[in-house]
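What follows is a single structure, written as structure tokens, with notes after it.
Chain nomenclature is as follows: A, B, C and D, assigned in order of appearance, with residue numbering initiated at 1 for each chain independently.
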Amino acid sequence: MLLRHTTKDIKERKSLTINPAKTCQPVGAMYAALGIHGCLPHSHGSQGCCSYHRSALTRHYKEPIMAATSSFTEGSSVFGGQSNLIQAIDNIFTIYEPEVIAVHSTCLSETIGDDLTQIVEKARDGGKIPEGKHVIFCNTPSYIGSHVTGYSNMVSGMVKLLSKSTGVTNDKINLISGWVEPSDMREVKRMANLMGANFTLFPDTSDVVDAPQTGSYEMYPKGGTTIPDLIASGDNKATLAFGKWATEDAAIKLENKCKVPFEATELPIGVRATDRFIMELSKLAEVGIPEAITAERGRLVDMITDMQQYLHGKRVALFGDPDQLIPLVEFLLDMNMKPVYIVSGTPGKKMHKRLEELLLPTVPEAKFQNGKGADMYLLHQWIKNEGVDLLIGNSYGKYIARDENIPFLRMGFPILDRVGHSYFPTLGYMGGLRILEKILDLIMDKQDLESSEPEFELVM
Amino acid sequence: MLLRHTTKDIKERKSLTINPAKTCQPVGAMYAALGIHGCLPHSHGSQGCCSYHRSALTRHYKEPIMAATSSFTEGSSVFGGQSNLIQAIDNIFTIYEPEVIAVHSTCLSETIGDDLTQIVEKARDGGKIPEGKHVIFCNTPSYIGSHVTGYSNMVSGMVKLLSKSTGVTNDKINLISGWVEPSDMREVKRMANLMGANFTLFPDTSDVVDAPQTGSYEMYPKGGTTIPDLIASGDNKATLAFGKWATEDAAIKLENKCKVPFEATELPIGVRATDRFIMELSKLAEVGIPEAITAERGRLVDMITDMQQYLHGKRVALFGDPDQLIPLVEFLLDMNMKPVYIVSGTPGKKMHKRLEELLLPTVPEAKFQNGKGADMYLLHQWIKNEGVDLLIGNSYGKYIARDENIPFLRMGFPILDRVGHSYFPTLGYMGGLRILEKILDLIMDKQDLESSEPEFELVM
Amino acid sequence: MSTDNKTNMFPDSSDLIEEILNKYPSKVAKKRAKSLVTNDPEIDQEIQSNIRTIPGIITQRGCCYAGCKGVILGPTRDIINIVHGPIGCSFYAWLTRRNQTDAGPDGENYMNYCFSTDMQDTNIVFGGEKKLEEAIREAYEIFKPHSIGVFSTCPIGLIGDDVHAVSRKMKEELDINIFGFSCEGYKGVSQSAGHHIANNGIFKHVVGLNNTDPGGKFKLNLLGEYNIGGDSFVLEKYFEEMGITLVSTFSGNSTMSQFENAHMADLNAVMCHRSINYIAEMLEKKHGIPWIKINFIGADATAKSLRKIAKYFEDEELMAKTEEIIAREMLEVQATIEDVKSRTEGKLCMMYVGGSRAHHYQELFGEIGMRTISAGYEFGHRDDYEGRKVLDSIKIDADSRNIEELDIVKDEANWRDDLVAKKTSLEDKGYGFSEYEGMMPDMEKNSLVIDDISHWETEKLIEYYKPDIIGAGIKEKYVIQKYGVPLKQLHSYDYGGPYAGFKGAVNFYNDIDKMVNTKIWGLIPPPWKNEPELVAKMADTAY
Amino acid sequence: MSTDNKTNMFPDSSDLIEEILNKYPSKVAKKRAKSLVTNDPEIDQEIQSNIRTIPGIITQRGCCYAGCKGVILGPTRDIINIVHGPIGCSFYAWLTRRNQTDAGPDGENYMNYCFSTDMQDTNIVFGGEKKLEEAIREAYEIFKPHSIGVFSTCPIGLIGDDVHAVSRKMKEELDINIFGFSCEGYKGVSQSAGHHIANNGIFKHVVGLNNTDPGGKFKLNLLGEYNIGGDSFVLEKYFEEMGITLVSTFSGNSTMSQFENAHMADLNAVMCHRSINYIAEMLEKKHGIPWIKINFIGADATAKSLRKIAKYFEDEELMAKTEEIIAREMLEVQATIEDVKSRTEGKLCMMYVGGSRAHHYQELFGEIGMRTISAGYEFGHRDDYEGRKVLDSIKIDADSRNIEELDIVKDEANWRDDLVAKKTSLEDKGYGFSEYEGMMPDMEKNSLVIDDISHWETEKLIEYYKPDIIGAGIKEKYVIQKYGVPLKQLHSYDYGGPYAGFKGAVNFYNDIDKMVNTKIWGLIPPPWKNEPELVAKMADTAY
């Protein structure tokens, strides 16, 4: 057994987290920043943060993930990181020539109280920010929230530091993307284009962290939301923020700052969350829903009706982030599966409430917890007490899956041991088909493997 | 063991086929016919053929597959099936109201020598074919070729009986599709549209055998090549036939009949076959190759370079149809995998020659055979003699895969025990990514399952 | 559908029948009219069945070969079945029926293999007997089987290859049992012809080859049970527990040696009347073994059938054991019904399948309160609908006449006078033998009985009755589900099951509950369906 | 790159260095200039290393915590390592290094777990010592481990939580070994600081706790071998075969009890000089155990190292056994080289990794005829480049001064006079102890040595040298591969390996052969790249 010290016996823990179902803010801020064209993320802290976050994102995407660091030493930690950051800004613009530097703080710089606004102002005053170039920033103390919070903070930072209202409204809407894969962002664009919507998507990591192999390295690949589009977001007629944990704050800030009205919806995962997304998009962008979208929906529903006997009543354990978990739970319920255990390290009472709303009517036995105490060790203990037919989560789930012989669907962040997530979406109806295909493959593979010889089936 | 009587000891067989790697012509003709809008395929033979073919296609697509039959009895077998077919044509147009009936023969009607041309002529003369409606047909004797031949014959039937030349050339090309999934046909259209090509694709089963669940059944779904487009194919400026076994004959017939010049290429599976397809398309349609296509190519190559350590040197056994196998073998070789055993029940010396060309330089040890004697029993015996790391083929491969503990990639026809093939393409660069993702999943799943605890990896 | 609220009675369906027939050309309408009957269980009604399907009509039916090779011979594991013909016939019958078999770790099992002579055009021109001979020889040399069956397909019949002569010759040469079936696809009007031909062949070439007493106090043949999804396994356990020796099953989980020994049984219990009553009749005629109709689909039916078998043997201990099993198993049955019924009661089903299942499954649906509004067979005969009482009045048409009727002679050496006496004595006590009342008497008034239903009729029925579930086969499944109506495959069970016996009934209740109550049917209409301002029609070639 | 055709000599790289430096702001250029050295193995050259990375420069380096928790303590399986801080530090070090361990079926193994106090903002404000205490108590109650390590992260250092005091208190309370590390990320200039802190902690709190004789004739500690991809497993087998008792490994496949016993060894063999020479030095200073530098990366290096170890023990049988192993293993090595070399000879590699690997792997590449055109360390010190002879001349700067230097006193009770004598006697015979010549003397003339390489420099080097392969880490891998140049991960081995010992060398030859000769690099340019008339620029938002 890989996790051989995990037992059924659940003891209350107040202070010790074991096998967390979250990580810290800056990695989210770094990922969000990659969704701006020509952006170099910058980690204001010690080197290790930047190195760890780059490594995590690199392993997840198997793509270059570039970011700079303020390389704090003990001295900077005592005297403050201002000179490190100003020096860094100067060096970055000189050597790496980005359009924009996106600075996020760390627990180190937060604890010593570095004031990013003031430091960046000082850099600007000191001529370290070339004409036409930008430095945006956000506070991402690692001891608050989770990686999702960091993503949200960087997206809000884009709005706070770039969006402007000229007073003239565009016939365009903002699509603010939650933390999803580049494939998902590409898929959202495909759907929105199919509907004829006029939009700016931000952040947009497609064509950034899924760049083609061309034989030459581009430090700033062609993807990412452009600075002019980000600035103009303040003039757009409405905002649709999808993935509330990661985007609602930015949408609110944009409304406050530039009077752009918004709707915040859940990530379009599965049938009904995608329905809501499509309908909001249709309303806000004032476009119709074409037959092609309806047909994709119909194909997803079709596969569910065709394969329901393999899905019905299957017990599922999930861990990950609220924005993914909530619509995924709804999707599983719609397929008559039973999401019985759900944990997320990301705090927030709203998640508990929403899950309650979804689960109580049909799966009242479900256990779910987020924030404090909600870690993968607890999830594993629940599973030890009563097993499940499927586990869904990031690559760390593979230890539980192997120990307990549970089919394991990799979804979430990070996925360190498989590829495909960056190329094939799980959002939208087509994404739902992919999720469903994967679930069915797992369930059917297990049946094929474990059925007795008389029960082995050619046709399924 | 499921195939417990299969041993290493290979005895020459001249007359007995065991576990065939092909089936008979009519099922291919039926599938091709479904790629015409408003078409009801008709099987001119005894009921069993039609029932078996509908069942096979239904299981593969999990979709309604409609077709009628001449319902031969012993009497018709003795006296000829003319009256059955004429009666059937009358009934079909009256009751099921298709735009076109696509008749294919069977070994039964072929053996008794029914002359379809003459029978259909008689039906027309007798007023059984309503104004504006069509009956097309082809000869598909089950004792010649294979299901692939049947597909080819029905596609040729479309050309022979529908294509017309008015003398005025259109600025359009014909894309004649080999036997691929509706998802693949959709993908070819997506690529061609992305390139700005003006084209008619036929046959086109997308939106026919992957119809959405809408709560109401449409006997003739919206997909399929329309009759006017098929007729106009004779006026188009060129033809690109992809999948030579299934389409070259039709392309030749179209050239002979209507002077439409053609290129026949392999199915665009993997990097280089897709390259050739794209370049032919670009030349014939006189359109450029946009960056988006180049980027998709680059993403496929990227994933191969990223994951080569899991692919290099892996031994692969394949069975299926020439049109799929040839480019797939090339794709595997390009990834430095070793396609060591290949069988196809479909006859034709060209396959052997092409495989020799591909395999001799780098995998001289490869064994391959097609046509006579090339069945799955032989393939299994080869595997018994020296194992492989991956098996690729239709659902029947699962018996070998389980007995020999080989990761098994379902590709080809029929796939009876999994879903997804009709929704996600394996053609084009994106299709290549899907194939590669699936291969990697299989290889890595096996590693995860079989590695010792110390060797178990989080990051791969 | 609107049932009469007061009586809860099904509506008279004459308007529906009229609408259906209106679409047909008049000759077709005239013919089909006789196969659509508004049921009245109180009276005798004739239904036209086992006649040719009209060309061009989209039918569920398959062919004679399918019935012979696929249904009857398919589930027997230790025979190599070589299909003589082009590749397709063998290919399509390869593992596509869910006959399970348990060969143990080392037993002979060829069911996962597909054997064919793969006839080529030159063989068709010059004849294929040599090729068949050679194929049999090759099969023998590679596998050394004890039996080989040879199946003739359409073109083989036409070119005149004699599979029987070749089989005899090779039987001589190889000294194993080899025999052929003239089951060309064009024979008869449906799979049913194939059942008959298969039964004849097995009876002629196999049954009676082994006179060894199989042992045991109570010796039973189970006929017409094909072990779909493990049904036979469930029943085998009951018999074992009851101390009954199951001499043979025709043909679920069977071996050739069971068939060779089948004439040593004391009783034949017939499950699928349509496909196998031939064997029962011939065993009685030749050996004096009586047969009874039983049914293990449905918990009550299972209880009744077990009791009937036990009663036949007139053994107190056996009867007590039977009651013990029934009582024990009914606990789970009743608990499940209690749970499920609240969600299934009053729902409507329809069934168009096989030659018995459309009848048997009505009971099972009934146990969870579901009513059968319409049913019919794919390849049934009038006796399957109306009961064996009409047997004598069935006209033999040209298609049936082509199927050989074996001339069975009493086997004096193996004749069971004891059983003949037992039969008479039991009959005197009111025990029924050789009885089958058919489906129609068991169906409600005004339910619609349809033989060899066509696609067009299916469409109209769905529109009219709006059933909650339909039982049929794979070809119908996705058509019907596109209407938002779940279809339960009653050939393959949608890869569920077993559904036989008590255990099977419990499985079925639960599976049906899932199917009719799954949420997904409610998700079919997109939420913008009724918001026309949101729906755009766009050219969408680019996606 | 153009080498001189006649001499096959690397080009002088001054134009490259100039181009690199030109891009930098002048202060940066000045500083970086001292870390780029065109090598001349004939002369002594100073290279600037182990100094701060310039803010804003994209570096490979990580932090002190990574070196302490990740590298040194990571591979030890029976200690619960609680990271005191916000969640990220513990999360990122969770299973991301490929330290394999073999705990057997029942052994204690916490390496697959991640423990953290998950500090929240209120804890940062009000202090986290209580939380840490409680976390230790909870860990003890759930797992009952024998040891707990506590790691302080950046904010912990700043708010002043005393992990050592808490550890002492809890050690008292729970009566197991508990100790802390002040390895905040901002300490030092790279992971190297963390190695030092980890070494100090282990030496202070663990080494020497157990004086039991581990038994055996030849007792060895293997230092600086971390069992990446199973490297240690390969070496353990050689030692076992040689009859050598491996008292402890620092720290591949290790347990705490090995460390407790480490002072009972007769010899310390140091693999990764950078990360672990501290322990070797302290063991000699405190217990009189001598150390030698060995290297198991490369077949020749392995042979040399095994011989050196054997020679130390001055035992004929051991030396004979050693030669036997070498001879046996070299068969496969030589056969593989023969096969691979024809495809790899003359190809160029570069390496920027670690504190030893960039040196060790040059030998391995050399064995298949590949030449190292440029190399450098991520966190090396001058002695790793120039040899231990420069140790005394290294200036201690502010960043190094912050790392505690333990004051080691001779342990009279456990002092090995015998080994001191042995050392002297062997030294007299020319046997070298405590020696490390560094990387630069082993590199070719004109090869370019770069410390703490930056992304900008990497780009320029690729353009200039067009290497056939680069060895570095995950952050560099895909950047470099986008240039069409394969990158071999020398931290994780691209999840291949083992690469140590003879077996490992064979693995490496084959893996490198695959990487540099795979066809896929040739497929990168699309065939229409050079047919501009085919290339269209189109708006492609719709796909």
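Throughout what follows, a contact is a pair of C-beta atoms (placed from the backbone, for glycine too) under 8 Å apart; a residue touches a chain by one contact, two chains touch by 3 or more.
Here's who's who by UniProt: A, B = Nitrogenase molybdenum-iron protein beta chain; C, D = Nitrogenase protein alpha chain.
Since the model is a prediction, treat every value here as computed from it, not as a measurement.
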{"item": "From chain B, the most remote chain by mean C-alpha position", "value": "D"}
{"item": "Selected interface, A-C versus A-D, where C-beta contact pairs are more numerous", "value": "A-D"}
{"item": "Whole-Å gap separating chain A and chain D, where each centre is the average of the chain's CA atoms", "value": "33"}
{"item": "Whole-Å separation of chain centres (CA-atom averages), chain A against chain B", "value": "39"}
{"item": "Chain C and chain D, separation of their C-alpha mean positions in angstrom", "value": "71"}
{"item": "For chain A paired with chain C, centre-to-centre distance based on mean C-alpha positions, whole Å", "value": "54"}
{"item": "Residues within chain B bordering two or more other chains", "value": "2, 59, 62-63, 190, 194, 211, 213-214, 294, 297-298, 301, 305-306, 396, 399, 416, 453, 457-460"}
{"item": "Chain D: positions in contact with at least two other chains", "value": "94-96, 103, 478, 481, 524, 542-543"}
{"item": "Residues of chain D defined as touching chain B within the complex", "value": "94-96, 98, 100-103, 230, 233, 478, 481, 486, 492, 494-496, 511, 514-515, 518-521, 523-524, 526-528, 533-538, 540, 542-543"}
{"item": "Chain B partner contacts - residues on chain C that touch it in the complex", "value": "23-25, 28, 52-66, 82, 85-96, 103, 106, 108-110, 112-121, 123-124, 131-136, 138-139, 141-143, 153-155, 157-159, 184-190, 398-399, 402, 455-456, 459, 473-475, 477-484, 524-525, 541-543"}
{"item": "Residue ranges of chain A in contact with chain D within the complex", "value": "2-5, 11, 13-20, 22-27, 42, 45-49, 51-56, 58-59, 61-77, 84-85, 87-92, 94-96, 106-108, 110-112, 141-144, 146, 189-190, 193-194, 211, 213-218, 345, 377, 396, 399, 416"}
{"item": "Sites on chain B touched by chain D in the complex", "value": "190, 194-196, 271-272, 275, 278-279, 282-283, 287-292, 294, 297-298, 301, 304-306, 308-309, 312-313, 333-336, 453-455, 457-460"}
{"item": "Interface residues, chain A side, partner chain B - complex", "value": "1-2, 59, 62-63, 207, 210-214, 294-299, 301-303, 305-307, 395-396, 398-399, 402, 416-420, 423-424, 430, 433-434, 436-437, 440-441, 444, 448-449, 453, 456-460"}
